[in-house]
Structure formats: structure tokens, C-alpha cells
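Take a look at the structures below.
The same chain A turns up in both complexes below, where it pairs with chain B and then with chain C.
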Partner chain A sequence: MGLATYVARRALFSFFVIIGELLIIFYLTNIAAPDPAVIWAGPESTKAQVALVAQMYHLNSPWYVQFYYYMVNVFSGNWGISPLYQQPVISLIEEYLPVTLELTIIAFVFKIGLEMTLGVVSAMRPNGAVDNLIKVTYTTVRSAPPFLVALGLLLLFSYGTHTFPSSQPIDPILGATVPKFQFYNPIAGKVTGFWLVDNMPILNALLVGDWAAFSSAVSHAVLPVVTLILFGFGGIVRLVKVSMLEVLDQDYVRTARAKGLRENVVIFRHALRNSLLPAFTLIGLVFAGLVTGSLVVETIYGYYGLGYYVAESLLTFDTPSLIGTLILITVVIILSNLVVDIGYGFLDPRTRVGY
Partner chain B sequence: MSKSSSSVTLGIIFGNWATLVGVGILVVFLVLSALAAWPVTYHLIARYSPDALNFGSSNAPPSLAHLFGTDAEGRDIFARVIAALPIDIVIPFEVVGASVGIGFLLGTFAGYLGGWVEELVLRVADLFFAFPSVVLALTISAILGATDEGLRVVFTELALIVVGWPFYTRLARAQVISLKQMPFVRAAEASGLGKLRIIRMHVIPHLASVVAVYATLDMGTTLLLYSVFAFFGLGVAPPTPELGRMVYDGLTALPGNWWWSFFPGLILMILALGFSLAGEGLRDVFDPRLRGQR
Partner chain C sequence: MTDALRVSDLWVDYRTKGTWASAVRGVDLTVGEGEVIGVVGESGSGKSSLSLAIMKLLPANARARGRVEILGKDVVGLPANEAHRYRGAGMTMIFQEPMTSLNPVMRVSNQLSEAVTSRGEHYKLGVFRADSIAVPGGRDPRFAMGSERSVPPSKEAVEALRQVRISDPERTASKYPHELSGGERQRVMIAMSFLLRPRVLVADEPTTALDVTTQAQVLSLLLGLSREGTSILFVSHDILVVGQVARRVAVMYAGEVVELGPTEAVLKNPLHPYTKGLIGSIPSGFKGERRIEQIPGSPPDILRLPSGCRFNPRCKFAMERCRSEETSLKEMEKDHFVACHLY
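Entry: the complex of A and B
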């Protein structure tokens, strides 16, 4: 199959997944739920509010009319109003998404790097002391529920040694004074409102050159990032180790050794690249796992990002917020899976067969 | 003559200390939760009742009288952990059992029958597989359980099954596809056996061990996943104790009363470790290719 066909099919499938998810959500909120208007208005709302919401969302109309307005609203960014915050869901997402995105990306980079390194190291001498140590470590760590890791780190390094702060993405005093990054536009001059960048605490501080805010944001991010790295730790280690062992068994590696190449060259120049390839299939899963982990991690560290927002919405049954974030997370994860799959199909043509 | 397969099995289980530890943990916890399920035997393990308020000894640190300390209302945390065990162990069994049941059957039939059945089942499974499962499950459970506290745990379990079954469908289907080409299945076909009978007599028995391995591993994951749901209040209605929820409740008492959150979390970890060690030991037995190279 050609790459173009593969990409097209893969993209079409992703589109159907998103539509499928929207259908499920519509079914849950407008048909399966005992009282759809209460879902959208919030459990604490009065009778008059519920009636108003029912009218606003056309909840008294037949299901296909409801479906029409639901789809129009989803695609026009009209995702309802959060009963808890009394603000449009979409503007809350603008505020919270970048914080989590930044945290997740940092954790993701370190996690992948660390796990791949450990995987290669443990393949060097399988069942040796180092390999066994790594095995014992990740088997234990991945059995820990995410909140236990967060709690342990919090008790040790925040309440215990006071090395890192216990809550918030940045020192609140610094956070209030740090200016928003202004994007330089040659025609209009400096423009703010580039929300995806200026709501990221670390990146924004870096871009405006506020070093106090930068170091504060970094030290606030250390414990959440470490917790996210440790959450579900070991999947990639194991995969890289197994595939490295397989690769080291291949004829071309034997040839490289027979040529008299040094072990380092054999491993890093010949074996490494092929053995890392299978790990890319896990990247989508890792990313999805980090999003899940961020719910718990941000709740415990009081790190005000998307995970915190979702957790608050769960605890208060703020359904419009939940649905908005669910749609967003689905789209982000599915698109990242799409990118990974296309990249993988590009690197390894054998994987194109399934679609 | 080679060693019989059961003695190889036992050899792997007992020769590998990790598997032994895993099986040991599971046995201990299964016994504990069986005892904790009945009031009479419950008091053999725990001295206090899980709901007994005792404001005189609230926020007591771990001691001989209160092994895991007490919470803000003076309830003994060890007693509450023990009381929570039956629920926290039964729920992963129910969720994984149902996911295996649905996914395994669909996957087996899809793989064996092929054609449009296979295509349909696979596409639907792919669809569910592609969702960010946890967030989807959290939303399902929160939307449906918003109004009725008692039903929340049911919806949570349903949500976990909804996102859990596709894995087994894929697993079973992949196995069946290769089994279909095996001489003994071809022979059964040639001798004129019906499809249902071939699936029941010749295909399913060969899949059972592989599925059992992954189900055991999945038990640990589901336990942890469910604890996240319980953490967010989507589990069993209070005052019934539950490990995940106890961790959440204990957060209010930080940094002073750390034992309130810590011990329930630690118990969850030990239990999940038991499932994962036992599951990996089972995998060594049933999947010899990976033996010793994890």
C-alpha cells in the first residue's frame, strides 16, 4: 500500500473515531441520562435554571433536532457553561489546557528518554545485576497507584525536606506579576492573546525573560513531572529490552561484530535505531496514560491545569466541563496517535498493511 | 522422556521467587478478604468496627492499638482497610470477567468466521480501543451516576467493561487466526464437525491459557484504575470504606495525618504487585518464548 493511501485511510478512521465519541456522548447526555437538562445545568441548579437550560439546548425537542444543535454547538466551540465556575467551558479550557500540555510534554520527553535508556542498558547483560535491579524497580513502581507516588514524593520532598513547593504551578505572588508574552507582529506591533503559549507558566516566563518566575515555575513542576514519569513506568523499558535482544541476535549485528567493530559502535550505530522502532507504537498509549495520570497528579499537587479542572468537575458533577474536556482530550489523543501511526508507517512500511 | 508439563509449571512457579511472592500476596489477600466479608470472621482480624466513631482517639498515629492509625473521626484505619478488601478485590474480578467474556467470545467468532463478521467486530473494537479509555469511562460514570449515589459503582463497572473488552477481542482474534491453520483444526473441519463445535471443542481450550495470563495481569491494572474512580468518588457509596476513596479523604489531613492516605494506598500497591508478579509468572508458564527474558 502506498503511503498516501495509508495516510488517507488512517485519517478517515481517526475522523470516525471522533464522530463515534461524539455519538456516545450525545447518547449519554441527551438520551440515556435520566434528566438531560439537569446534566447541563448542574446538580445544584434551581427549577427555573433547569427549564432555561432545557430551552437553550433545545432539550424538549425530538432527538434529531437535539442532535443537530448538539453537533452545531460542538463544532462552533459552543461547549456550554460550567455550572461550577459560571464561565463558558471553552474559555476555561483555554486557561487550563496549556498548563497541562506543558507539564505533559516535559514528562513525556523525560519518560521516553529515561525508559529507552534503561531498556538498552538492561539488554546489555540480560539477567545481570543491573537488569534485575531495573526489573525489580519498575515492577514495583508500576504497581503503585498514581496517588501513592504523588503522596510519597509530597511527604518526602515537600513537607519533609521542603525542597519543592507543595501546590500551584507557580508562586502566586510571582504569577500575578509576570507579564504575558507578546508575540511580535511586524504589521500590528506586539500582540497578546496567544493563549496556547502565554498560559504555559514555564514557557511564558522564559519568553518574557522573567527569571524569578521561571525558576519558581520549574521548581513547582518538578514533583508533578517526576510523578508522571513514574506513573505506569516500565512499559517502554521492557519493550525496548526485548526488541534490542532480538536485534542483537540478527545476522547484520553478527556481521558487524565479526568485522571487529567495537561493542559501542555495534550497539549505538547498528542495533539501537532498529530496536527503538517498536517503542514508537507505545507512544500514543504513553501520552494517553500521562493525561490520565495528570488528573490525579494535579489534584494532589494542586497544579491548576486541565487534570485539576477535570477532577474538580468530576467531584462536583460539572458535566458540561467534563464533556468539553473529554472531547478535547479525545481529539488531542487521536490526533497524536494519527501522527505517530503515520510516522511509523513512514519508517516501517510493514505496518501499513492493517489499514 | 521429558518432564510432564505440570511439573514444569510447578517448577517455574516455585523456582522463581518473584512468582512465589506474587502468588503468596494473592493468597493472603484472598483469605483476608474472604474472612472480612462476614462479620463473625471479620473480628478475627480487626479489633474495631470500620464505622465505629471514636473522637477520643481521632488522628492517632500508627501504634500497637491502631496499626495504621486513626482518621479524623477516630475510625481505625486498619479496620477500614480490612473492611474495604472484599469490595476492592471483587470489583476487578467482575470487570475483568465481563470484559473477558464479551471480548473473548467476539474475538473468537470474528477470527474463526472471518468475512464481514470479523470486519465489523474489529472495526467496532478499534473504535473503542482508540478512545482515551479512562477519561471516557470517568465521564460515562459521572454522567449516569450524577443523580444516584447507589448506582454509581454499577456505572463505573460498566464503563470499565466498555473500555476493557476490545483488548480481549484483539487478543483472541489474533490467536484464532493462527490456530485456524493448525492441522488439528483442519482435521476437525475435514471430518465434518460443525463450526460451533470446533470453536467450543478445539479452539477455545487453546486460547484459555493465554487469555488467563492477560486477565491476571489486567486484574492489577483494573484494581488501580478502579481505585482512581473511587478516589474521585465514583465508587461504592459512603460510608462503605474503599481504599481509593480513603486516600482522597486523607488528603484533607495532610501534612500532619499522613497515615490516613498512605496505608490504603500502600495496600493497593501490594495487591497490584501480587497480580502483576503472579501474572508474569503465569506468562512464563504459558508463553515459553518469553521465558526468562522479561
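Entry: the complex of A and C
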């Protein structure tokens, strides 16, 4: 079976998972609010008003009709209005999601790169200096809760040495003056911005070439990124190390050596790709962990992203926002797993057969 | 005749339970240019350790002592980061397990092309310079020239697959190893050694995992390689298979060579009781009214070797001397050596 069929199949599976996930969220919100019309109409509403709301939102219809309207609204971008911000949830998400996405992707790239490299290095010299240092870091960071790590870094590098700012994604003054990135949109046929880029402080500053804003955004991101990297640090290192040691004992590595290849070619061309396979399955989980981990990190660093938004809506009982972000986070996790599955198909041709 | 491979007083020790146990004990062997030598023995006789020691591919818990000379260069004392210079175009190995010997995530063509580039690099390195080896006639003239870069590897890879009689080589080349059968994979391994054109090839039970018809094909392919000047150390537990390809045979027992001689002489006139046992235990097929004779007992544990001749507990001719005095190789006929107190 070819790679294209494999990808199409995985994508279709993910779509059904998203539908199932929406069904669960729909069910859970109905449990949480058995009579939503009363809540939406407000505590001082009359019976007629409640009835009007119920009719407007099809609350008297059977559940599958309600689910139909729910789905139509979800897919058409009508995610409700946040009572706290008095704004549509979807536009709040447009504002907050890119910030978190940028932070998470940066942390993700550094984390995966660092952990995989360290895993290979420690496999080269088991029980060597690097390996032992990683073990100590792993045990320390794993046993400390993430918020404690975040607070420790804040205390040390922000309040202690004043190396990095303690809160905000960017210096507020610079953030207010930096222009939004504009480009010619062939679909709209005119020069526009793009919400996903607009709200990524680092990428936007880079694209418009505002270096002051860029360096400010980078220095604001350092501590949150480091915290996210340290969040669950060492899992991939250890997995890569163990599988690398295992792979180096395999027959095909011996074949590669017998071919007269240099040791670094043997390791990087033959052993590495095979030893990263088990770690690669973990990558989706790591990304999901970073997205949820950003909830804690963003709250502590006052980094105004999705995590901050979720925490705020939790504390103020902002139900539409909560449902919206819940959908979003699950979709992000499902999509990241889809990407991992497809990547796995690229890395290991054997997986393409079973599907 | 120059010796492509000369093994002298080679010992291979494994670290077990805090001590070193020797799996190969003072083996001496020479393989001439283009010669095929068979190494026969039961499981645990040290054949595989010998092969790996020659290739300098022993696992981390093992060490080798003695000398292994490839075209006059010792590889035992070589630092690990230089061993790769002697493999590839110098010496290569075909492993016993075809199912796991190819990289599962690389296409066959890429694994084969790698052999071509490796060979080119070895020539460029000058470890196996044209003047240090006698280039037999009929060989590719590029062999003496050096660089191989100009040749598109895929074409050569396909050609090598055709040489090992893989049907539809173009399609096979673009496949992944898991899409091939065991016999095909083993032939890919052999195609790889064709592409490397090694001076020395160690074939560790290359036919054991194959069915009989494929076995015969593989053997003739190996013989073809030896006619082109590659010296082959053919390791097998099957003395009959060895008899078909090897000019000389070395019989190993408990890490030592107990009998060494021309194939004809060893098969027709075995001297060592162990060799006699090995030949006696071959099922003689339809002709045979003779019962299969077996060698009683099993090979000794290398941690607790019997004193004197290592074979004495299983030998029906064992004498008092066999239990106390160690044996050494003695020349009985021309080129036919045996390590036994009977002679």
C-alpha cells in the first residue's frame, strides 16, 4: 500500500475521532447544564424569555437535532459569546491560540531536538558523564511539579538576576506599536493580515522586520520555553538511549559495519532512524503535554495565550469559552497525533502495510 | 600465492561471571588469494566468534588476542575507529540471519548503492591500493583506478541483483527488505558483497536459513565470487555443504582447530575422531542401510573445559594420555593436519 493511501486513511480516521470527540463534549455540556435556557436567559428572566431562548437554540428538540445544530455551529465558527469578555469565543481563540501555538512549537522543537541528541549521546557512553547528568536532571525535574520549576526559574532569572522579564509575551509598549504583518492574499484578492501570524509575537516581529520587538518577544519567551522543556524532561532521552543501545546490537548494524562504513555513518544513517521510531510515537503525547502544560506556564508567566485564557474562564465560570477551548485543545491533540502517524509512515515503511 | 587472510594464534575471550572465558583458543589459519576455506563445527565450537573476530565486529563484552592479517595488515590491534578502513572493500561478511541483516527502513537499492560508495571510498583512502594486491585478470579495470563515483550506483545495484538471479531486479531494488523473502534477502546480501568486491569474504552459515534449491544457487554465486579473486572463509555446521565449495576444510571443536586439510582428504579419510563422528552423523540417504551414528554427549561449556584433549569425554578412543596432555596439530599427510593423540 502506498504512502498516499496510508495518509488518506489516517486523515479519515482522525476526522471521525474529532466527530466522536464533539459528541462527547456535547454530551458533557448537557450534563453540566441540564437546563441551559435558564442560564443563558439570565437569573432575572421571565418564563416567556426562557421559552424564547429555548426555542431560539432548539432546546426543545430531540438530542440529535440539537447535536445537528451544534455541529453546524461548530463548523461554521459560531462558538458562542463569552460573557466575561463580551466577545465571540472564536475571535478570542483567534487572538490567544497563535500565542500558545508559537510558544509550544518553539518549546517542542527545542525539546525534541535536545532530548533526542542527548539520548544518542548518552547511548554512546552509557554511565558516562552526560548520561549521569541527564539521570540527575531527569529525577529532579520529574519529581518537582512544573509550577515549582516555573517559580524557581522566575525567582532566579527574573527577580534575582533580572536577565529575563517576568511576564507578558512582549514589552507592552513595543507590542502596541509593532505593525501587523500584511501580505497579498490570492483568495481574497487583496493585501490582508492573517490571524495566525498576526498574533504570534515572535513570528510577526520577524516578518515585519521590527528587531526591537523581535528581541523583546524572544527574551519574554525564554523562561516559558525553558519551563516547558523541563516539563517532563528526560522521558525521550531515556527512550532514545535504550532503543539506540538495542539497535546498535542489531544484525543490520553489523551489516552496515561489515560494509566498511565509518562509525558515524553507521550511527546516523542506519542506527539513528531505527532508534528514533519508538520515541517518535511519544512525540504526539509530548506535544499534547506541552499544550496542556502551557496552561500552568502561561498563568505563572502572565503570557497571554490559550492557557491563560482557559485559566481565566475557569475562574470566572465562562462556559462558552471553556467549551470552545476544550474543543480546540482536543482537536490540536488529535491533529498532532495525525501528524505523528503520518510521520511514522514516512520513517518506517513497515507500518504502511498494516493499514 | 599470497595469503589474503592470515590468522595466527587468535584467542577470543568473553567476559562472563567476572572471568574471561575463551571461545576461540589459539586458532591458526591462512586463506590464499581466491581460495575458499571451510570452517566446520557444532554450535558453540567458536566458529561465529572466529568470524566476528576476523571482521573486528565482536560484541563489547568480548576481546580478541593474537593476529588477524588482511593482506599483511594486522586488524586485531587496530583502534576501533580505524577498523572500518579494512572492512568493505577489504573484508566483508555475510551473516547467518537473512531476515534481520538488512536495514528495515532503507530501500534495497540504497543499501546496495552504499556498498558501491563504500568501495569507492576505500579505494580513495588507499588502504587497498592497486599495487598492494594482485589484480586478477578479467576484473573491472576501474578496480585499479580508484574512484568509483562516476558510475551511477543504481545501475550497478540492479546489475548485481541480476547477477544473484533475482527476478525483476529493478522492482526488487526499489523495495524494502520486509517485502522480500528470506532467500531474496540473503541474495541481496550476496549482491552487496559482489558490489564491494572484497578481498576477503567471511560467510557465516550463509545457506543455513535457506531451502535446498536456493542453497545451491547461493553456493554457486559464492564460488563465482571466489573465481574473481575473493578469498572466502565459509563457516558452516554442515560438512557436506562445506565439501561442495571449499578447497580446504578446518574442523573446529571447543574453540580449537582439530583437523585441517584438503576437502577431499578430510571427507574421504577423516583422522580426528570428531571429524569421523561429524561425517558418520550425515544421513546417507536412500543408499544407506547404515544407521545414523551420533557423537555422544554435547560440546563442552567453555567455562568448564575438560583437561587434556577437549574432546576426550565424548571420544570412544580416549586414552589416559588424552585426559592429561593437550593436543597440537601434526601433519599426517601433505597439508593434512590433525590434533589427536592417536597419531
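In this text, the second predicted complex is superposed on the first by the 283 of 355 C-alpha atoms of A that agree within 3 Å, B and C clash if a C-alpha of one lies under 4 Å from a C-alpha of the other, contacts with A are read in each partner's own complex, and residues count from 1 in each chain.
Definition applied: a residue touches a chain if its C-beta (ideal position, glycine included) is under 8 Å from a C-beta of that chain, and two chains touch if they have at least 3 such contacts.
Since the model is a prediction, treat every value here as computed from it, not as a measurement.
Of the two partner chains placed by superposition, only chain C is touched by A:R350; chain B is not.
When the two complexes are overlaid, the chain among chain B and chain C that reaches more residues of chain A is B. Once the two complexes are overlaid on the shared chain, A:F13 sits against chain B while remaining clear of chain C.
By the touch criterion defined above, A:R273 reaches chain C but does not reach chain B. Look at A:T319: by the touch rule set out above, it reaches chain B but stays clear of chain C. In the superposed model, A:Y252 makes contact with chain C only, not with chain B. Look at A:E263: by the touch rule set out above, it reaches chain C but stays clear of chain B. By the touch criterion defined above, A:V38 lies against chain B but remains apart from chain C after alignment on the C-alpha atoms of chain A.
Once the two complexes are overlaid on the shared chain, A:M71 sits clear of chain B and of chain C alike.
Once chain A of one complex is fitted onto chain A of the other, the partner contacts of A:I333 are limited to chain B, with no touch recorded for chain C.
Shared contact residues of chain A with chain B and chain C: none.
On the chain A side of its complex with chain B, the touching residues are 13-14, 16-17, 20-21, 24-25, 28-29, 32-35, 38-39, 43, 126-127, 135, 139-140, 142-148, 151-152, 154-155, 158-159, 166, 238, 242, 245, 288, 291-292, 295-296, 300, 310-311, 313-315, 317, 319, 322-323, 325-326, 329-330, 333-334, 337. Interface of chain B with chain A (complex): residues 18, 126-127, 130-136, 138-140, 142-144, 146-147, 220, 224, 227-228, 231-234, 244, 247-248, 251, 254-255, 258, 261-262, 265-266, 268-270, 272-273, 276-277, 280, 290, 292-294. Contacts from chain A toward chain C in the complex involve residues 249-252, 254-263, 269-270, 273-274, 277, 347-350, 353. The part of chain C that touches chain A in the complex is made up of residues 55, 57, 59, 80-81, 84-90, 92-93, 95, 97, 100-106, 114-115, 118-119, 121-122, 176, 178, 189, 192, 196.
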